[in-house]
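In what follows, chain A forms one complex with chain B and a second complex with chain C.
This part shows the complex of A and B:
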């Protein structure tokens, strides 16, 4: 069991080293960033080498294929987030900042690998509490406001999650998701289980930024440092989705209900379908009127949470696997877009669409990477976003008998057509806009180049060879469902 | 009414009161108090289910509550630190004055 905790141990150890360096004031922003990135890479290497992919485990700390896959993805996301530039004014305490960042990553990783209700709550709180602090690191009113809003919404959602878990404990008499599933066999329609599931879903919808639990997202995306936003946008979303998948597949398969049109049965599928519809419509419409690109990415995050929930509301392994695949692709694309935004912001001091004017003349690399990432988010072929959405929507349609989910997939297709507009407007600014002449442009560092080039490259490769990602994910999810 | 049902009613009322405080109070510290009330309502549930439910030799209920108390303390520490920081910038803990971020 402790063998499978090796990557997390490395992260915690690196965080402690960073704290030690911070106390003795021996570390600058770049140094702390490199130490943290190195720790993440070592953890990733251990993760990939150690395998740990044999099914089983005690439930408290699982080393099953899903945990292995999710933790690897989280480590990659963490590494990419650590490549983003840190402005000196953003953090006067780089050692503490990066230590907290590694703690957040550790918490999210532990959450993806457990079936124990208490462990689930503790690890999610470790992730969340670290992220609230990470959002408030710069000494600016905007960061303080972002952090406070994130904390207050997060604390309420944690209370919902904890109350829901207490009902599940009372219902099952045990501490594992499998106990819940076993109890559901003998009492399939208990009110206690329904109430518990609803409250747990509300708590997790906050982490996914699904409407109507999204109110914190635009402010955090706008006010927090870029590295924090990258972690919130990508790592937190993937971790929440994996936790949700575990709860739905291992614990509540019997309480799925149905979201099919005209044949709705109350249960997780119906509720998730409602969340999905609201998120897709609300997120995509509000994104149309945003001027700040960071806020636009926040509304796009809400809309994309909706797409993910479409796949989950089928309660079918193939569509759930497609949702997880799409979550990974979305994370990569949004990380790339954030990296370009951070680079533009560094020169302009703001992130309005006009700041992107004439980006192609200043830096073709940034402009092309922006084009690839946003086109992938919009779902244009031949990029990974297109294949991801295509597989997700077709699998969701096929998973429910007699096209019962056609209403939800129709909303998804129409709203993602709407999303083309707001993504491509930024691209238009970057390629056709006139650059402002009076601004001095800083040179792009090697790390920054890596932070925009790696996601763009990954999106092209995964667009051409989607099975490289889709096949392992499908295998992992069907293994979990067959257990 | 059996004791378990009574305790569940108590915890639900506490949870609802906490939620009411969160939704109506504009002072960040009082919102935090409401959240603590909600967390403690869940703790009552754990103890009630453990005491009046089927025998649980692993003592899951009390252990859950012990961990939860520690987490609530950590959450309050982080929350008060963030509120203090916001207070320095805004000179108040009134959430209506949180309006520097908008589209």
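This part shows the complex of A and C:
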């Protein structure tokens, strides 16, 4: 049991070391970043060496294949986030900042490996509370606004989650998801379970940034430091999706209902389909009018939460696996795009589209990586985003009999086509815009190069060989569903 | 050399050009030309081999790819794919030759051009619908970047419009393919397998128009054709040539080889509507071309008009009609490439205008006789005069139309008449103006360069070869149409 917590222990230990260094004021921004990145790498190595761990096992700490996969992904995401540059004004306290980052990562990792309702809440909140603080680290009004908004919305959503979980506890008499599932067998249409599920969904929709629980996202994306945004955009989303998958598959298979057109049955599928439709339409339309690239990425995050929920609203393992696969691909692409944005911002001081003018002349690497990441987000081949979306939409359509979900998939496909427009506008600025001459450009560092090159490379490789990701995710999800 | 090389050469060339060091940038056009030549030779040898021996199975390659989706890396070169691959290679050679003097970032330019050529080859070769869709979409970003970075008139608008039409159409294709996949019981994306699945008629009635429309938007079907003229006008010469020459054919090819075989009952139901839209496109394109002053707009709308013949042949759905449609794909690919090359490169580079009234002043017949001869021959080919490829193709389509929808023939005849009118109008204004309109002393212009001459001669020779001796092309196409997937859609008069 304790063996499986080794990676998390390494993260906590690294965080404590960082705090110690911070107290003695012996660490600068770059040093703290390197220590944190090294800790993440060690944890990742331990994670991968631990193998698939023993499947099954119910309890506080699960070491099933899904947890193993999700934690590995989170560690990779965390490492990539730690490659992003840290501006000096963002970190008067680099030691504390990076310690909190590791705590956030630990919380999110723990949340993906538990079926215990209380543990679920505590670990998710460990992640979220750390992220609220991380958003407000720079002493700027924007960051303060971001942090406060994030915290206020987060607190309300945590209250929803907490209330929902307590209702479920009251309903089932046990604190495990399996207790809920067992109780549902004997009382399939209990109002208490419906209410609990609805509140839990609302709480998790906040973490996924699904509309209408998204209001925090644009301000956090714009105001928070780049590393925080990377964690919020990628790690928090993947973790929330895994938690949601667990709750739906293990706990609420009996309350799935149906989102099929003309044959809707109230339940998780129907509610998720509604959230998905609203998120896709709202996110994509508002992204069209953004001038700040960070805000644009926030609205793209809302839209992409919608795509993920399309897969979840089928209650079918193949579509759920496709959604998780797409979440990973989305995270990689967003990390890459954020890394390029951070590099541009460092020189320009702002993240408007005009700041990207002529990027290709000053750094072909940044421009090409940006093109790859944005084209993947828009769903163009031969990149992973294309295959990810294609598999997600096709499996979602195939999962519901007699084309019942064609209405939702049609919304997804059409809004996804619309999204190409706002991604292309940035590409246009980068490739066809005239660079401003008066700005001096710093050379990009080795870490920055890695932060943009690794995601771009991963997107190309996963686009050509999608099975490498699709196969393990499908296996893990069908194992969970078969239990 | 197997037809696989016509896929590998362009992509390998694109990569090689990208990796060239900055001081060797001048080499990029040589590499691009070599890759295009390789594509052509691979396709030509495939054609010859197939002509010599139509009894043996076609060349194919079938590899495991994404088992979770049931998609395989399945390529095959049948009698339909091979001549279109050859067309792709020839237009590619001409496109590179017409862009020989590109100085603005040549490495990026030629690698994007080669990426388009490779994507097109991939679509023609794919026998797996998902794989075909991947190649189909690969050309979107290179198209956009070529227009937005190297284009001219209204390029940002033209590029974005073209790209949004492409991606919107792709959304329909994705929906249609996903619906077919779901309805076939998640059996995979093999085109022949899906065609044999036998979908229920009620499903075909809505799935066919979704998939078909998705494809034919790229073929410029009326009323979704407006992206084509603006896009062609904004694009740099090589990109207009590739766009009108081969990329528009991708839409027609997808409609013919995927949408129609998958949903034969849906096709049978919607066939008259397609025929009417095709005729509307022929007439609308021709009449609009008659009114435009920008030479490239004239050619762009003439493309819309000529693409209408392809759709018309498909809607006729007899042996004559389908054969004519494929012949017209090849013929129009060559002729549109030629026209855009002459207008965008030969004439514009020397006169710096494409306005028909302004061109009158230059009197090309006096100042640049070689270009005037070339443009005259190209116009003759475009009008469909006997001896050129357009004649063979359009006559085949018309015979097919007689068999299926004789009542549409008079309207098409009117379209052909107007085609003659707008082509002659453009030709007279540019090359043979009134003495009063032209300058008293002709401007001295640099004569044609060797790349220009080579490209013009190549394209004219191919058009003449098809027009004078169409039988090998027809045997190849007949061989392709004998495939079992086409039998349910073929009408027997």
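Of note:
By our rule, the second predicted complex is superposed on the first by the 481 of 483 C-alpha atoms of A that agree within 3 Å, B and C clash if a C-alpha of one lies under 4 Å from a C-alpha of the other, contacts with A are read in each partner's own complex, and residues count from 1 in each chain.
In this text, a residue touches a chain if its C-beta (ideal position, glycine included) is under 8 Å from a C-beta of that chain, and two chains touch if they have at least 3 such contacts.
Being a predicted model, the structure only gives us computed values, none of them experimental.
Under the clash rule set out above, the superposition-derived model of chain A with chain B and chain C shows the two partners fitting side by side.
Touch counts on chain A: comparing chain C and chain B, the chain ahead is B.
Contacts of A:133 after superposition: chain B is touched, whereas chain C is not reached.
Vertex at chain A: the C-alpha centres of chain B and chain C lie 140° apart in angle, rounded to steps of 10.
In the overlay built on the shared chain, the residue A:166 is in contact with chain B alone; chain C does not reach it.
In the superposition on chain A, A:417 makes contact with chain C only, while chain B stays out of contact range. Looking at the shared chain after the overlay, A:295 reaches chain B, while chain C stays out of its contact range. Once chain A of one complex is fitted onto chain A of the other, the partner contacts of A:471 are limited to chain C, with no touch recorded for chain B.
Contacts of A:390 after superposition: chain C is touched, whereas chain B is not reached.
In the superposed model, A:431 lies in contact with chain C only, and not with chain B.
In the superposed model, A:382 makes contact with chain C only, not with chain B.
The least CA distance from chain B to chain C in the superposed model is 23 Å. Chain A has no residue lying at the interface with chain B in one structure and with chain C in the other.
Across the interface of their complex, chain A is touched by residues 15, 18-19, 22, 28, 31-32, 35, 38-39, 41-43, 45-46, 48-49, 53-54, 56, 58, 60-61, 63-64, 67-68, 71, 74-75, 78-79, 81-83, 85-86, 88-90, 95, 98, 100-101, 103 of chain B.
Across the complex, chain A meets chain B through its residues 117-118, 121-122, 125, 129, 132-133, 136, 140-142, 144-149, 151-152, 155-156, 158-160, 162-163, 165-167, 169-170, 173-175, 218-219, 222-223, 289-292, 295. Residues of chain C that touch chain A in their complex: 65-69, 130, 133-135, 137-138, 140-141, 144-145, 148-149, 156, 159-160, 163-164, 167-168, 170-171, 174-175, 177-179, 181-183, 186, 203.
Chain contact summary for the complex, chain A toward chain C: residues 318, 371, 375, 378, 380-382, 386-387, 390-391, 393-394, 397-398, 403, 406, 409-410, 413-414, 416-417, 420-421, 424, 427-428, 431-432, 466-467, 470-471, 474.
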